[in-house]
Amino acid sequence: MNILKLSALSKKEINDIIDLAEEFKNGKKVNYNHEKTIANLFFEPSTRTHYSFDMAALKLGCNTINFDGSNSSLKKGETLYDTIKTFEMFGVDALVIRATENEYYNSLINNINIPIINAGDGTGNHPSQSLLDLMTIREEFGKFEGLKIAIVGDVKHSRVAHSNIEIMKRLGMEVYISGPEEFREDGYDFKNLDDIISDMDIIMLLRIQRERDAKLEKLTNEEYHNLYGLNSERVNKMKASAIIMHPAPFNRNIEIADDVVECSKSRIFKQIQNGVYIRMALINKVLNK
Amino acid sequence: MNILKLSALSKKEINDIIDLAEEFKNGKKVNYNHEKTIANLFFEPSTRTHYSFDMAALKLGCNTINFDGSNSSLKKGETLYDTIKTFEMFGVDALVIRATENEYYNSLINNINIPIINAGDGTGNHPSQSLLDLMTIREEFGKFEGLKIAIVGDVKHSRVAHSNIEIMKRLGMEVYISGPEEFREDGYDFKNLDDIISDMDIIMLLRIQRERDAKLEKLTNEEYHNLYGLNSERVNKMKASAIIMHPAPFNRNIEIADDVVECSKSRIFKQIQNGVYIRMALINKVLNK
Amino acid sequence: MNILKLSALSKKEINDIIDLAEEFKNGKKVNYNHEKTIANLFFEPSTRTHYSFDMAALKLGCNTINFDGSNSSLKKGETLYDTIKTFEMFGVDALVIRATENEYYNSLINNINIPIINAGDGTGNHPSQSLLDLMTIREEFGKFEGLKIAIVGDVKHSRVAHSNIEIMKRLGMEVYISGPEEFREDGYDFKNLDDIISDMDIIMLLRIQRERDAKLEKLTNEEYHNLYGLNSERVNKMKASAIIMHPAPFNRNIEIADDVVECSKSRIFKQIQNGVYIRMALINKVLNK
């Protein structure tokens, strides 16, 4: 079986994966005794996702092979399929793949006979990131239904945001988009952050890449931060029970103030911690099928 | 003991290595329980060979250390010998080395006291590649004696071709060279591919690097493919029992047509699979001596 | 507990670490059975130190995660703290860190809750290197008290030299600085090498980087070698019991003659060997606390 995009998983399947991740977090042990090998094939760099999967596989007692696809035979003109097929032929038991092309896996899966876990494709899907976000939310609130979330930042270019929004709505959450007007996108409910912040259960920040918009690029970091950043003044307007999330890496004092990163409402580093347990659940799931 | 070049191995030794590789393929287990460490020292990039050795060592329950020599102290002026001696001093149990200099090991082996497996030197020797080719041939035909092979492409610059030709002749095979006239080399029996294709048991393609010849560089990919590439029309002229091989990575629609790569005659991905078992046999052999 | 700089360790603690390293050298086995994971975070390249720590962790039966910080999210503007905190959140059990900033750890340690072993910071401290030097000296002479050492080369820019000098003096050794006048530094006892060589127990060479001084840069390698290099003529003036050390990588025929590198007085490769045992002792020490 493959884990390619969250939209292919039912609500029950999503909750089952989070349940398994929670079991790992609570000490459940699975040990493949180095009889299984996971290949992490990263065709673009991604420290956090890559090493999180690596750690997850190691904690399950798997061997790992770490392939940096930006430094490889691909430069000699080899196709993505041929590189991936090569690792199947090596006898690895599952593939974790990050690639730049949207839904790269559609052209592969019929000819690859081992499980693929998608670790991010283009601007499209990033299921393990979405699942760790959902795990962190469910841990906090015990449910999804009725929760209000504002996703703040460049939704348009975010690998994370699109698949998150689809699944969050499906799980009964109210999703708002916020941040600079320049990032407004059709089909999404755009609001001014200061208008809605006191009503939100979750403020989910995205990484800002100001170079994507000429107008934003002209702002200094300080101006940007004052206009759109989550500073302690804005945090003070949040509900007592509300939390702050960010997929990281984050820009301190641009989209988030230095003193907010580890404030009592922040779950940013908890997301990173949960990510390893989600990835253990995903690897365990595909190896068992 | 070292595995440096195939010409140093007797026919019996070669068949014994292939026998051991077949045993691993059939499920033989050897587990060093992480008490042995293999260092893969790659002074030039080579995805396929590097990860194949890595996988082989992991399947034997060895630790692996993966050293990218293009990003290292060598840049600070350290000699190849000093880098290799350093890894010996670390206490690793065997070295897998790829280096650009022809027969780099001649100047090292007297002062290095742990086994070296040569993973390719300059344009010279690449014993594990030759052995996986021979394993694939023996699996197919059950013998070497009398088999006719055409090696198609730039023999002159091929790490693989020269050591393959020597050992194939020694094993009783008839070896022909083919491809563009520009790659013709003295001392080898050069033929036009279309003249001999129907009589060959094996068509072994080499990776084309057209930039090595000014005349070839002027051809479009399509022209090159029509003149010299293995397309389905040429495949249809092959004997019913004949097979296609390629050391990979290959250029689709240049030296080989897209639809030939995984046709019923192709053993290209099987070669990659066999490569791991050959490397398990080599590592096991040097650790046991 | 952390291992950050040697000046924080008492003479007894230093001797205890060396004792434990000697036990590992004599065959002591500790096996964490892959239940512990060490992350090697190298924010600047260092082949020798990096792989030595990797080997040490593997010999203790730990998993290792190897992070090349020059090719990472740091480029996206992430702070050193945030990267390091991320690895803590992954659930690794100890961090081995090399970074360019002097005493980078001062700003981190209050917020990082797993052990840090400093693998070198800026021009400041490199405790595992100093300890392997001391182990090599103690193995040779059975003591430190009263030994005379000349450190030859660019003390000013040497990560190794400063922490070595502090601890060597504290252990009762007589420390002299030598080499080109350009490297003379206030507060250190500078001597001409040829004046003191016959009286020294240890000649410790440093790696020469002539580009750091305009006058030195003008010398050819040969001129430099004749003026300041350790050649066999100078070696012949050394005491019968005296030894030669170098932290490596070394420049053959610049600071050290080719035929001196592995002469009977040289302990250069023994230092590399001892380095793995010292690092096993350090990792074992922090994991047990």
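Which chain is which? They are A, B and C, in the order written, and residues in each are numbered from 1.
The rule is short, and it goes like this: a residue touches a chain if its C-beta (ideal position, glycine included) is under 8 Å from a C-beta of that chain, and two chains touch if they have at least 3 such contacts.
As the structure is a computational prediction, the values presented were derived from the model and not from experiment.
Chain C is reached from chain B by a rotation of 120°, derived from superposing Cα atoms (nearest 5). Counting the residue numbers used at the interface between chain A and chain C, under half appear in both copies, so the two copies meet with largely different residues. Here the CA centre of chain A is 40 Å from the CA centre of chain C. Of all residues in chain A, those touching 2 or more other chains are 34, listed in ascending order. Across the complex, chain C is touched by residues 34, 45, 47-48, 51-52, 54-55, 58-59, 61, 207, 248-252, 261-262, 269-270, 272-273, 276 of chain A. Note for the complex: chain B touches chain C at residues 34, 37, 39, 63, 65, 67, 71-73, 76-79, 82-83, 85-87, 89-92, 111.
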